[in-house]
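Chain nomenclature is as follows: A, B, C and D, assigned in order of appearance, with residue numbering initiated at 1 for each chain independently.
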Amino acid sequence: MLRPGGILSALVLSAVLGTVGAQAQDNGPIKVGFLTVKSGALAAGGRQMEEGLKLCVDQHDGKMAGRKIDVITADTAGQPAVTKTKTQELVERDNVDVLIGPLAAFEALAIDDYIRKVKVPIISPSAAAEDLTQRKPNPWFVRAVGTSAQAHHPLGEYAAKDLGYKKIAIIADDFAFGHEIASGFQRVFKDNGGEIVQKLWPPLNTADYGSYITQIDPDVDAVFAAFAGGNGIKFLGQYRNYGMTKPVLGSMTTVDEGILKNMGDEALGVISAGWYSAGIDTPTNQAFVKAVRKAYGSDPGYYTVGAYMACQFLNNALEQVHGDVSDKQAFMKALRNVNIDKSPYGPVKIDDYGQPIMDIEIRKVEKKDGRLQNTVIKTYPAVSQFWTYDPKKFLAGPVYSRDYDGGGEKK
Amino acid sequence: MTARSGVWLVVMVVALVLVPVLIGSPFYVNLASQVLIYAILAMSLNLLVGFGGLTSLGHAAYLGFAAYVTIYLTTLAGFGQFSGALIALVATTGLAMLFGFLALRASGLGFLMITLALGQILWGLAFRWVSLTGGDNGLGGMQRPHPFGIDLGDPNAFYYFALCFFLVAFAGIALFVRSPFGHSLRGSRDQPRRMRALGYNVWFVQWCGFVYAGFWGAIAGILYAYYNQFVSPHALNLMTSAETLLMVIAGGAGTLFGPIVGAVLVVVLKNVVSAYIARWVMLLGAVFVMIVLFMPEGLVPGTTRWTKLALGRRRRAAGGGPGEATGTAAVQERSS
Amino acid sequence: MSELALDVDGLGKNFGGLPAVRDVVLKVELGERHLLLGPNGAGKTTLFNLIAGDIRPSTGSIRLFGRDVTRMRTDQRTHMGVARTYQIITLFAESTLTHNVVMSLTGLSRCRFDPFTSLDRRTGFRERAREVLATVGLEHLADRKVSETSYGERRRLEIAMAMAQEPSLLLLDEPLAGLSADERGEVQRLLESIPRSVTIVMIEHDMDVALAFADRITVMQRGAVVVEGNRAEVVADPKTKEVYLGH
Amino acid sequence: MNFWVIQGLNGLAFGSLLFILAAGFSLIFGLMRVANLAHGAFFMLGAYVGLSAIDNGMNFWVAILIGGLTVCVLGGVMEGLILRRLAGQPLAQVLVTLGIAFIIADGCLWLWSGDPRPLPMPSELQGVLRFGGLIFPKYRLFVVVVAVCLAGALWLLLERSRVGAMIRAGVDDMEMARVMGIRTSLLFPLVFCLGSALAGAGGVLAGPILSVYPSMDTDMLPMALVVVILGGVGSLGGAFVGALVIGFIYSYGQALVPDLAYVILFLPMVLVLTIRPTGLFGRRLV
């Protein structure tokens, strides 16, 4: 008969087994807790993260700074409550030395307080929410990807200066990521004399963009489309389907390599910005792209490279502390001090808030060797999350939100 | 019957009190706390599904709403822990009053659909009303309370805190089920017309049951807020409602212990088994299909029936009388 | 003239455009035994449902003990002293006979909203329920489940539940249907023992029992009242024969 | 002016899609009183199967057929092995379909990975139609035509065939239908297979517009519920009108009151249900 007592004794048993395996040893492996998503709607991104991380660990032969790397993977299912439990499991049961993950911003925020409390270093391979490294910086947090707006500030300038657009309509997913991207773009575009004539916010689970696409003002010079997950595919397909010919500017995720491989000609010509493109023509990146293609048969995108870089950050920090993670403060300081000359991103260093300063690529979707790729057409070197603004003023200004009305002050 | 379930009750309480001592590992104590929270939620839904015959697919509304109000009030609006929780409780119960008024316009599947729609509306509001709810990024930054100077940040302390509420909820619901009003609710499920002719205002009885369920849902929601110190629209979504319904029906709708067993099952599958089995969602689905097929009355009555069958054979061989009435058979399938 | 227990005036009910009850006038005095006769589908049970409040009339009004109850809910009417039995048995099949009667008792008690104390603790109700069961000769089955009793026993339980409410107006829907001759005799004696302070309206097909029991009789056909009068008048009326033979 | 016409067309097209999605659900629900919460998963599974068919070199029309057939078979198996054993227990049936929805959703994730994929539309339906100043995609008009044809075909089936007469009798009053000698053991699998096939084929048909992605099932299931509830259960005409009403509300609503975009579908549902619990056209709601 199944009753609470039976379950509880099963729990007791597994708890005992768990703690036996969790004896920390100084020269044993470094335990890396990896929070990813393997079930539910976000599983595709989670799988790519897993691939990126595995590739990096394999490239180091499972060893960093002379110590074995032991990755313990947990499936958060993309649910905040589960994410918290899984984090507790990794921290309290498996005694991990460092966490990599989680995927979604709301997951990262759900465990933010817990991380502060237990003081475990965490490297974010994906979650881009601005405030994690801005208004609510967590001393135990370092990010291996850009903030939502980091790549889209330069895109605003590029649209106004290089492309000469005057009027743009924004259509973006109605959630924090979309709001932040759109606001960053809007701010710089307006600062450079552009005008945002329209902002459309389709809900995240919109099935049909038809009623939004047909609302787009016919007088605009271009449309800035900021979508996440599979919505980019849906939107671009429907956009072309409606015979729309206005040029499309995209966010990094609208034409991310992770979904670009499944797109057709509808994506051709989309200009986007990102801190990465599989098309970056450096030896380091081309070697990386080749390795990913060989291992997984597709180009690396947002999640793959994010997790790969999170792992490289870990490697860099471990080398700084010579593999000694017993002093968590020192280890965290090293993570905040990551400085990599050559990476798929290009050169990377970390600012005072735990956020990378890195090159931002302006990319254009082109067909090369029969596959779509984001060809780099311009590079903005060493871009900070604050763009050219003063961090203090930036942080004192209005938050990037749905109702953000800033930009144009410099005009 | 009372004597034997009394023994079970004592066993259960003793076991529950001993959990942290037996387990030791804070991770599993935290997991046990979660089981308690979801068990309260499932027990409250059981009032509707099991005793009221009202299958709701929107019970996450109370969990999420209470959690949002609690966190909003204590972090952003500057309320104290106690007053924040109290207001959340009152507001959520008020919400249940309103929802009950709307949902009880229909019965059966119509009721299910309205509760689903109301739940989706709340979810949509939580997602969209960013200034109040933080949108998909949710609300966080809440501290657990320190009642009587006890730090609930400690897993064991929080477990006992949740256990207190769980026991009160269990006792409250156990009393409710046996009370005249509990019998009114069940009568309204089985024979609504007859109940009216006997002088019961069936609508009002069901509405009170609905509000009572909402009240305990609110308690679960406040505990959820304290436990997670974070809330996002996920707490309100259809999946959460569906999982709660699964807990109730899998464990045994209309029984006292069923929802608790169901909560254990779902929480353990989601949080523990998922570490070992990648396709745990599929397993979860399969478990429910199997339960419905082979133990349609739920795990608790199902295993009771099986053991009774086994015991009955022995007893009959010894010349015993017919078994006692369980009173749960009538619980099944009153929604049509 | 004495006060009317039940005063139905111009009552009509349509189901999807089809009239089930048409312009019915029915006046029952306090303490009267009133019989409703008519073939199947004549609208007798619908009339009961209208009087009890299960359905709302399309036209007309209903007064109980001088009060207009046309817009009142069933349970409110019950609290005014209306009790009824059902043609199709609607009992709590998995509960004991005692519990069924207790439900009937609590329905009129304030304690029905008490969510805290155990109903089993309220021994007063149980004792009273057993007394009521004794009046219908079912005390020996008090702890048996309804599903384990015979049809005749259930019919008697129906009456017991109605009697437990100590009604002023009792609506009996075919209390004798489907009973054996012995059981009929028992139920008949039971009905006769009900004090005259209770007004009774009864639907019954068994003419012998019914006619012996009734003070006044209303014959219905196709939703309308055809004949109304005392025993002799109705039996003598040619329309009565027409209704029964013409069907 | 243009705005109203274009959004009207959008609403029409989306409503047509919803009708294709909801028709099978409504049919099954009306006859068998089974609220098949796996309907959204069927829809998604059909789309994935169709996608694989196209990947393997088959054309779009064959893909629709294969998608429909696969889900049809699955539905038949589910009815025969599971639902039939639970006849007369609506709560158990709802739960079991929910469990199956979980299994299918996770199975799709397993078999097709979680990558969102566009489903290519047939070349003859690519491009737009222009009339006056209006531009409208050919494929969407095609979906409208399919929905109208489907409605017509179902109407003929229900009103003009022997099977249809049985179904109608069953929807009206199952007990009566049984007394009249209608064998539910034949009728139920038939209807369940038909409803499932519609979901599967509908998924492929919707693919070129919606693309195929892991949460497609949970995105679409509530919409099917809303349509059926609004239109009234088991009524084909109700489902048709319900789908169009929802299509228009969705289209105009998102354009006119964007702030309510997240709740735009459920507000009217709650309103209708609380004011008229049987739905706009339904007779009764169990």
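In this text, a contact is a pair of C-beta atoms (placed from the backbone, for glycine too) under 8 Å apart; a residue touches a chain by one contact, two chains touch by 3 or more.
Chain-to-protein mapping (UniProt): A = ABC transporter substrate-binding protein; B, D = Branched-chain amino acid ABC transporter permease; C = ABC transporter ATP-binding protein.
As the structure is a computational prediction, the values presented were derived from the model and not from experiment.
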| item | value |
| --- | --- |
| Shared interface partners, meaning chains that touch chain A and chain C | B |
| Count of contact steps on the shortest path from chain C to chain D | 2 |
| Distance from chain D to chain A - Cα centre to Cα centre, in angstrom | 36 |
| Rounded Å distance, chain B centre to chain D centre (Cα mean) | 32 |
| Centre-of-Cα separation between chain C and chain B, whole angstrom | 41 |
| Contacts with two or more other chains, residues of chain B listed in rising order | 124, 127-128, 239, 279, 281 |
| Overlap residues in chain D, where contacts from two or more other chains coincide | 106, 109, 218, 261-262 |
| Contact pairs between chains, per stated definition | A-B, A-D, B-C, B-D |
| Residues on chain B engaged by chain A in the complex (per definition of touch) | 11-12, 15-16, 19, 22-28, 30-32, 34, 124, 127-128, 130, 135-138, 140-142, 153, 224, 228-232, 234-235, 239, 257, 260-261, 264-265, 268, 270-272, 274-275, 278-281, 299, 303-304, 307 |
| Residues of chain A touching chain D in the complex | 39-47, 174, 200-203, 205-208, 210-212, 214-215, 229-230, 233-234, 237-238, 241-243, 258-259, 262-264, 266 |
| Residues of chain D defined as touching chain A within the complex | 3, 6-7, 10-11, 13-14, 17, 106, 109, 113-118, 120-121, 126-128, 135-137, 139-140, 208-211, 213-215, 218-220, 223, 250-252, 254-255, 258, 261-262 |
| Contacting residues of chain C [partner chain B, same complex] | 52-54, 73-76, 78-79, 83-84, 86, 90-95, 99, 103-104, 106-109, 111-120, 122, 145, 161, 165 |
| Residues of chain B defined as touching chain C within the complex | 175-176, 178-184, 187, 190-191, 193-202, 208, 212, 325, 327, 329-330 |
